[in-house]
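The structures come next, written out as structure tokens.
Two complexes come next, and they have one chain in common, subunit A, joined by subunit B in the first and subunit C in the second.
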Partner chain A sequence: MDAQLYLGVFGNEDDIVNATLATNSAGYTIHDVYTPYAVHGLEKAMGLKSSRLTWACLAFAAAGLLLGVFAQFWIGSIDWPLNVGGKPFNSLPAYLPVIFELTVLVGGLGVVFSMLVRTELYPGKSVWLPDSGVTNDRFVIAVEQRDAAFDPDAVQRLWQQFNLIEAKSPAEVAG
Partner chain B sequence: MSMRYSILRKPIIEGDKSLGQITDDVARTLETGPTRLWWFAFMISFSVLVVGIAAVSYQIKVGIGTWGLNKTVGWAFDITNFVFWVGIGHAGTLISAILFLFRQRWRTSINRSAEAMTVFAVICAGIFPLIHMGRPWLFFWIAPYPNFRGPLWVNFRSPLLWDFFAISTYFTISLVFWYIGLIPDLATLRDRAKSKIKKAVYRITSFGWNGSVRTWHRYETVYILLAALATPLVLSVHSIVSMDFATSVIPGWHTTIFPPYFVAGAIFSGFAMVLTLMIIARKVLNYQEYITLDHIEKMCKVILTTGGIVGLAYATEMFMAWYSVNEYERFAFINRALGPFAWAYWTMVSCNVIIPQLLWIKKLRRSIVVVFLMSIVINIGMWFERFVIIVTSIHRDFLPSSWALYKPTLIEIATLLGSFGLFFTAFLLFARFIPFIAIGEVKGVLSYGRRKNHKPATIQNSEQELEAVEI
Partner chain C sequence: MIDSIQKLRMPASMNRTLLFLSALGLLTLIAGLFVAPERIWPNFLISFYYLTGLGLGAGLFIAIQYVSNSGWSSAFRRIPEAITSTLPFAAGGALVLILGIHTLYEWSHESVVAHDAILRNKSAWLNEPFFIARTLGYFVLWIVLSKVLVRNSVKQDESGDVLYTKRNVRNSVFFIILGIYTFCLASVDWLMSLQPHWYSTVFGWLNLSGMFLSALAAMVVVIVVLRHIGYKHVFTTEHLHDLGRLLMAFSFFWVYMWVSQHMLIWYSNIPEETTYYIFRHFGGWGSLSFLNVILNWLVPFLILLPRATKRNDKVILQAAIILLLGHWLDLYVMVMPSVFGADPLLGIWEIGPFVGMLAGFFWVVFRTLTKRNLVPIKDPYLVESLPDLSHS
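Now for the complex of A and B:
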């Protein structure tokens, strides 16, 4: 971890959402929030923008579509024109199923691959957990201690309104 | 009768669980040793699988002359099994993708196992065309790749080739979708694993997941995108399977109703299989609070709907055969209902259309025994549907001198049984080694209809509160 973090541990969904909203509006820099499941509304509370992976998906799907169109036209009418029942070499309607399947295949695999690259998830990656219960029943908010003016007590006071379980700095976590 | 009214909806998960309890409940199955019952079921499934492997090896060595096919009936058991298994798979994708897009949050208790079912069913399905090729070791010739035979390409106008693309895309996307859904749960297991080996395996397979919301946010985006891609995909797969028949000129196959008819039938049979598996699993694995009677009832409603569509399709086919004034079309359908395979046709109609009407009665939809028996009846009926469509349409062709009957050989029956062996062996292994219920997703619906932790609005969370009510 590059930045010095200060962590607050909570026990349920509503508390973490409210704590995140309050922390964000109080002007602290939220490094990240850790939850055992996807909590809806939390990304808004953190002020995250919507992901651009949708565009990656569109680009990959378009690539798959073009692959399907050009591969079939090239194979069917340029490289080896084959007369099947006297039908035209360029029979687009017959090409649609394969075009569609390739669109879905390339779009789907592409967006999953993009996500793994973007979120830096890969097999065997070493794990950093802010709290041992974060994949079970704990919700953790991590704020960055930017400068000397950062007052842990003030943050802790803010969090205590939302049933804070414990507040800690990551030195205790790493141990 | 006393009734308790609440403005909140009924919780999806019963038993007032805490988050930790859900983890414990699901992980317990994996952390305790296999039960005797599991071993018993596994031994039976595995033995049947071995029989299937022997049968398949034999027919690959000797050739598909070991089947009961003849000059007139060129497709029968094998393609029936293929279509049957592909159809079974469709329910998993419907639950994981379509119900997700429609925000049917009850899907979370069953989506993991239904998706596993999809993957295994598609594997079972894939085996049949592979054997049917006769020389399965040359199966890769169906893929268009630059080769030294010309290069000689595949025929992109052939529905059998479309099928190859559809099934392989379906398998790949289903597998990826399933695995992506598994990653957070594998991380949960990693963080509670005791033994070194387990920890190492989960560490590799969980991709370093730590529950970061930045990651969750992207993960959810990809999940929606995959669902949106898988939805038209699943509709396309059985549509393309139906085109194997519909693009031919055989009376009984050559109908435009086939794609929607096949898709509805696939979902119908798939949900029946999901019910068969879930009713056993919820009892054996003690998941009654997760897979509740409400879940079963909802699945019964899906069955009732898709079964209705299937019934309508049967009637439409009959009507069109009469209305078309095409003597060959008429003959094909009269032969179907009254010919030598009438027993198969009427088995199909009783199992798929008549008996499922019992599900209109709420009491029966909530009776485990009735639903379990019904699910098996429907699976038998749907197997027969494919058999009827395939065999009765071709066994009496245009030339009465070439009319023939079809009877499966023991080898073919052993192969069908073997595919069930493979399916159940894979499913039992899944239930032992992979969380049967999507832990992360079930936690997400825990607060559904149960907002007891909700405190009065504090700072500026009025918007938040509105959202909570909308859910």
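Now for the complex of A and C:
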């Protein structure tokens, strides 16, 4: 964590979205927004770019597809050719179900694990909470204090339009 | 805000074009009955079945939304509701179909059945009176089921009573169970019995997926047209995006069912079953079977895969039109080789009835939309579907 954080605690879904929108358009650098549940419209308010997970999913799915094609081709026609009902050793229609399942399986698992890796969610990970209420009924926005020009009072005034409960510096530094 | 949504007025040019095209289709049909009956009857069957599937598929869509307590779709529910109003016209088509039984269905000739042990054994199901009774029974059931759903929804516009939604949830359960079961039976009756020796246990589901897909595509077309007329604030990009996802999913579901039927018959290679695909695997029919999969799955799948294309009116409209044409081709390959053994033909007798049917379909749909509120204004879920218009 390079920059010091400054936190605003809110008690309502609409307030956090509006406050985030205002903070973002006022030009502050939003470190993150913490909510007890997924809030619709928040990622737009934060100005997040669209996720690249879809591309990971596409890549994994394509890998699964190739695996399905190649594995069956290699097993069925090269390594251990078996005559099944007089079909040619290498018959694509018979491969389709397994190709389909492997595409879905590898694509699905791949995208889940990509997400876990990218968001650093793993067993034993220690979690930093900006405010103990974010697991219950509090919504917290964290902005970065990038330079000396950062004025906590100005931020607090901005937030007060949206029923701010409390503005504070975090007790411990974010990890 | 919701009350400020204007009622739809059909543009005069659209009204004229659609009426003209459907009249032209009707004329082709009547002329064909005299000039080329053996070719017009299967084409009539295709168009009739297509129209039935559109109406019933839309009803099924509404029922699924009710049963799953869906909020996202309630803003545009009037569109599938309007599509179900084409079912009585399809019922009219069923009456005409009865006249063509002898041209279309081999099993309806007693002289053929007398010399055919298989058909004799099937005659308890495949006989003329029972066939007619079933055909009419299906339509009575479908029209009643869909009218009940639509009536409750329209009534809710006045009182806003949640009871109507609750009743429709219960009615939708019946719609889903009875509708799906009878549609599978109807597919077997109308299409599979064209080749009465042949059978496929997945035939009903294959056609169910096709008909639901075509109904979704028709809904996309109507929404894009309405957005073009000036209802972008009512039928939002989010609605289009979600419908686009369903369209892609059901395109995949269709090909899944198609492969399920095709691959298992190919794999087991039993003569009773392969008769169906022998026709459709070689020559012109082989190319059309191939094109069928490309139009109904590969092209829409590739078009609709990225997020941006599902949110773009023009692109999603193209995908929907490809799917509507693809569904016709699907039925064409299913029906024609059984009745009309020769090579595939594409002429006025194929194009006329189909274009006329589609034009008439869209005319009825838009006409029905002008008569009601364009949005179910007091639906309890409308807040979820149209948050921007519902607040304030």
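Following the convention adopted for this analysis, the second predicted complex is superposed on the first by the 170 of 175 C-alpha atoms of A that agree within 3 Å, B and C clash if a C-alpha of one lies under 4 Å from a C-alpha of the other, contacts with A are read in each partner's own complex, and residues count from 1 in each chain.
Here is the rule we use: a residue touches a chain if its C-beta (ideal position, glycine included) is under 8 Å from a C-beta of that chain, and two chains touch if they have at least 3 such contacts.
Just so it is clear, the structure is predicted and the values come from calculations on it, not from any experiment.
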{"item": "Superposed partners subunit B and subunit C on subunit A - clash or fit", "value": "clash"}
{"item": "Partner with the higher number of touched subunit A residues, subunit C or subunit B", "value": "B"}
{"item": "Contacts of A:149 with subunit B and subunit C, given as first, second, both or neither", "value": "neither"}
{"item": "Partner chain in contact with A:94 - subunit B first, subunit C second, else both or neither", "value": "both"}
{"item": "First (subunit B), second (subunit C), both or neither touched by A:36", "value": "first"}
{"item": "Which of subunit B and subunit C A:50 touches, first, second, both or neither", "value": "both"}
{"item": "Subunit A residues contacted in one complex by subunit B, in the other by subunit C", "value": "50, 54, 87, 94, 97, 100"}
{"item": "In the complex, subunit C residues that touch subunit A", "value": "256, 259, 262-263, 266-269, 307"}
{"item": "Interface residues, subunit B side, partner subunit A - complex", "value": "18-20, 23, 144, 150-153, 155-157, 159, 161-162, 165-166, 169, 172-173, 176-177, 180, 183-184, 187-188, 190-192, 203-222, 225-226, 229-230, 232-233, 236, 240, 243, 440-441, 443-444, 447, 453-455, 458-461, 464, 467, 471"}
{"item": "Partner subunit C, residues of subunit A touching it in the complex", "value": "50, 54, 85-87, 93-94, 96-97, 100"}
{"item": "For the subunit A and subunit B complex, residues of the former touching the latter", "value": "12-15, 17-18, 21-22, 25, 32-43, 45-46, 48, 50-51, 53-54, 57, 61, 71-72, 75-76, 79-80, 82, 84, 87, 91, 94-95, 97-98, 100-102, 104-105, 107-109, 111-112, 115-116, 118-130, 132, 134-137, 161-162"}
